[in-house]
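Read from first to last, the chains carry the letters A, B, C and D; within each, the first residue is number 1.
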Amino acid sequence: MIIVIDAQANQDERAALLALVEQVAGQRRPVATTCIGESEVIAIDQAVLDTQALEAIRCQPAVAQILTPTTPYQLVSRHFKASPSSIVVGDARHCDPVVIGGEQAMPVIMAGPCAVESREQLLETARAVKEAGATVLRGGAFKPRTSPYQFQGLGIEGLRLLAEARQETGLPVITEVMEPEMVEVVADYADILQIGARNMQNFPLLQAVGRRGRGKPVMLKRGLSATIDEWLLAAEYIVAAGNPNVILCERGVRSFDPQTRNLLDLACVPLLHELTHLPVIVDPSHATGRRELVPTMARAGIAAGAEGLILEVHPDPNSALCDGRQSITPAELRTIVHEARLMVQIMQDADRLSQVA
Amino acid sequence: MIIVIDAQANQDERAALLALVEQVAGQRRPVATTCIGESEVIAIDQAVLDTQALEAIRCQPAVAQILTPTTPYQLVSRHFKASPSSIVVGDARHCDPVVIGGEQAMPVIMAGPCAVESREQLLETARAVKEAGATVLRGGAFKPRTSPYQFQGLGIEGLRLLAEARQETGLPVITEVMEPEMVEVVADYADILQIGARNMQNFPLLQAVGRRGRGKPVMLKRGLSATIDEWLLAAEYIVAAGNPNVILCERGVRSFDPQTRNLLDLACVPLLHELTHLPVIVDPSHATGRRELVPTMARAGIAAGAEGLILEVHPDPNSALCDGRQSITPAELRTIVHEARLMVQIMQDADRLSQVA
Amino acid sequence: MIIVIDAQANQDERAALLALVEQVAGQRRPVATTCIGESEVIAIDQAVLDTQALEAIRCQPAVAQILTPTTPYQLVSRHFKASPSSIVVGDARHCDPVVIGGEQAMPVIMAGPCAVESREQLLETARAVKEAGATVLRGGAFKPRTSPYQFQGLGIEGLRLLAEARQETGLPVITEVMEPEMVEVVADYADILQIGARNMQNFPLLQAVGRRGRGKPVMLKRGLSATIDEWLLAAEYIVAAGNPNVILCERGVRSFDPQTRNLLDLACVPLLHELTHLPVIVDPSHATGRRELVPTMARAGIAAGAEGLILEVHPDPNSALCDGRQSITPAELRTIVHEARLMVQIMQDADRLSQVA
Amino acid sequence: MIIVIDAQANQDERAALLALVEQVAGQRRPVATTCIGESEVIAIDQAVLDTQALEAIRCQPAVAQILTPTTPYQLVSRHFKASPSSIVVGDARHCDPVVIGGEQAMPVIMAGPCAVESREQLLETARAVKEAGATVLRGGAFKPRTSPYQFQGLGIEGLRLLAEARQETGLPVITEVMEPEMVEVVADYADILQIGARNMQNFPLLQAVGRRGRGKPVMLKRGLSATIDEWLLAAEYIVAAGNPNVILCERGVRSFDPQTRNLLDLACVPLLHELTHLPVIVDPSHATGRRELVPTMARAGIAAGAEGLILEVHPDPNSALCDGRQSITPAELRTIVHEARLMVQIMQDADRLSQVA
């Protein structure tokens, strides 16, 4: 249940409302208070309220409106907020900001190496992806690796290199954060905090990027076999903790055929657009794990309506320390960017056409 | 292993070769002899041959060439036939033939009701889909239903109605065949024989459409959780039985999230184009099971490079006897056809561009 | 909905009832009439009946009782028949019959080679499995193989050899039937008709073993990724077609880890015992695909309450033409049989104990 | 690659070896030094070593032996340590310690509520499970919940209640830790640290329980769709970080049939016993999500060779704040414990028999 607070309510009225809600929710039932767009809201689990409690809340002077989505997620629901959210990425003092989602025309293209390996590799790639049309630079400083013996990333040194690459190219930077204790540090350098697929239900981490990430946009990758509901509830954790700037990223789910690394679920894009106001990014690199499939699936992702793509690009994929098998070259990126723009043009024309008809 | 027979070889040389191969293969190891394009070929399991046997075959005068694909499927492999197969559908005496696959520009659009329910429903739908731009009419006469108590289709009466609709609209007709004994009957009426997902590994049926379907094109739907290799081996059954005119149809695979009926695996489209010369059709209706997702996923299917779409269309989806939940209207079909054409245009332009570069 | 016919009703009353039901069901909505135990019943899809029609049926003199299971399957439901079905296998003129399911104490052990390869191999294995304690002989004469080039089985020659092995050992025989046209022939030789996993939703085949198998018991293997409901509806097809002697066989479902061939779903055993009166057999050979896991999973299958096991046994697994990787030796079979008996003893004691308490 | 250090080597020799290995491994390639049983070992990724580097290491005086498992995991591999690990749980000053795994006869039974809800609920359940035969008390103080609005556990208050229940019953306590920062606190109270399924690849958490958990045993639940290799590599993270006391817990994997919460993969038990020396616990409560299936699957888990069970028990399942649907009663637990003991007896007898034969 979402209680929208009356913008005219005074401090006492607000405090009285919150106290009542917390009392009704009872011990250890979380109550989220946050702002979405212009609205200040309180969200709680509807299941804990009986009719009497509900009535008592409804009578509070601070209440502007009560919404009861039928879905388990609430603040991220399109029922609560009908207009698509647009999320501003990057601070104009350090880079060229981009807008993801909303009514903006062009899909965002995030590109860069899987892992930051060295100053040279990163700067060379950053320049190349910028030149090819990318608008955000990706690169892993902290790498979640399946084996403890694999290269684990350059850590804080990697963050510094990303900041340097941002300064040089003007591209805002996205990088992964893996543990709550590191959220502030990563937020010092990055413009988007990435939550990896393996951490989609790492709830303390979700709460940390919600509370301690200074509102920096968070890109939440879908878990290896997460349902849409679980994914949106994970996003709800971040929003309920105070950070409404969440971007979803489809990167394929686990399936039975070893031919591809994962199974890219593009139908989730239009489905998410029905269910949530959050923007959706598609990652064809991790989804397929095969370089030769990436350009086609990037195009299909845009056709499915994604607000952007995230792509692994390496100047020399065969020598990459990580995921070279799925990295494309800057030249391939350029074609993808070009096609994506034309594709969006067609889709907008077709939409206009069908609205006329 | 594929043995290409020398077109100049005489009858005796051919017979000697075949006898040798059969002897080498041994009892109950099938040997396929068939024609692909201009070539007459023999295919067998390479595993049964030792070096000596291989050498003996190689010395036969009737042998033009020996190919050894590294994949378990052989005749459908792109290693064997590099150019994409184009399959002619429909006989000009009864309808307007269409070509699926190959170098042809426009994707085929197969559309119609899930099941043939009545003369009126079918003819009305047939006219409507033709008018909206479809080039093949789909409709089920024999329906594989999960429950024995559900509507099982109109049977032969349904086939007759399909032939009538073809005559009226000029659209060639695709319909499902469910058992070997019915192959000839269905081939009497249909222009494409459809093998449903549940029958993808019904091997006697695959052999029957290969041998007894008079070369009528066969559309082979992917099994509920079939790997790409299993699917291509199922296609190989049909081709090895003498019918090279196989069309693959991706209709989603089984997965864990009940939000959609199946999980549409669009990455299989470019992957199949690498592995096989057979054309690929996408079925967004069965894949998603949700009408509102069909137009977007149809667009994404074309963007993924599919040679066509198959779509459930019903003049009044809410009253359909079967699968109304996933049927679109003729008006929605029209938009899909329009977008598909523009999309193909862009993709061809982009290909040209990247070949120039 | 199940209409139990009054045993006292005369011919006219029965005919009137059936005519009414068929009229109400309408064209192409199947109506099943069959016998389960002592009861003669009619089953139809409840969804097609309105209150008025239901009332009209209820008033028919031939109606003894109307049951409305809440599940889509009806005749196989435990709601319809609370006592576990026991199925007699084998004709005493040709072999030593066994009973599967019901209140009988000992689990049935079906064992033998994947494929009948030769007279020697089959007879040797038959004697060995009999000696090790097996009570049914398995062996494939018609083999559904993923590739058209693999060994496809000895066919009718294989059936003859199975009959010979039965005569010599007294073991009833189970073998697979792959197409409707072959049901009578296979039923001439086999004591149990096996429907393979790939044919679980081959509906014409299900109807054929229901109608044309002369009531021979049918073992229905679970499809590669079939839900429990789909599986029970497939069983319902057979029962609704007139053959109540259905045995279910869990053989693992498709999953994401290539370490085992399939994922054995043992929890389906107690779940099925809740939902249906049909007996359940476990196949640890196909489920795991690894010989070294078979004995342990056989034991676990019995512990899960299975009414029996089906096991691939080969005198020399390494030289098997098919599935040698998952075949155990006769000596391993002997240990499995011994443990299974002790296990059942414990479970019966524990049940007695907990009923006392 | 595992380098076993010579117990006779002096400090300088050890330091020289380690320095060489670190130099060879290069920046950011982790090198693990730890003790397993009596052996002090160094583990690294074999892939980074060329022949020359390997030779240089081999010549170091501190090297006793070099092992090169063919699996990606090393220290947890049965190739490295052939005898099953036995893990001592609980400090005799605070409770009755139990041994998990190894040659010990009886499976451990961990039982208790999903969540610690109150002092009364916990103490009552603790007494009841002790009386029913459980040897470890389970209970969640920090609860990972899919929705941010659900009850999140009592936190540190819950830990204190668990310690009180331990003191009263003598049962060692297992409880979940969700974030690296909380490892020390949870280790202050708990006897086993549980890593939940959603955190199986939360690598900072794995490292934290490895390094900062003071050697307290860790129970690592299998991820929702983790392969066996991924699971063992997650265990390897903990061992490589310095804590060899890892217990694996199978709790079902995600699958396509909503009938059960997860799909219990019992075949993983004998498979893990082949691949690793770590003990394996089975959790039938989370695996099935259905109370009525738990006793049977507990029995099947023991039959599959599990070193123990973890079970959700609630004095009044219907009123549980969490997972009541899958909680059994203390009376049901008693029967499970009784059967488990008999089952183990049989299995040991059968093993003895087959060793004699």
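Quick note on the criterion: contacts are C-beta pairs under 8 Å (C-beta built on N, C-alpha and C of every residue); 3 or more make two chains touch, one makes a residue touch a chain.
Since the structure is predicted, the reported quantities are computational estimates derived from the model, not experimental observations.
Chains that touch both chain A and chain B: C, D. Using the mean of the Cα atoms as each chain's centre, the chain most removed from chain A is C.
Chain centres here are Cα means. That of chain A falls 33 Å from that of chain D.
Centre-to-centre separation of chain A and chain C, using mean CA positions: 49 Å.
The centroid of the Cα atoms in chain C and the matching centroid in chain D are 39 Å apart. Annotation for chain A: residues touching 2 or more other chains are 225, 254-256, 258. Contact residues on chain D toward chain B in their complex (touch as defined above): 254-256, 258. Within the complex, the chain D residues that touch chain A are 28-30, 32, 43-45, 72-74, 144-155, 178-181, 198-199, 201-205, 223-225, 229-230, 233, 236-237, 240-241, 254. The touching residues of chain A, counted against chain B in their complex, run 225, 227-229, 253, 255-260, 263-267, 269-271, 274, 284, 287-288, 290, 292-293, 296-297, 299-305, 331, 335, 338-339, 342-343, 346-347, 349-350, 353-354, 357.
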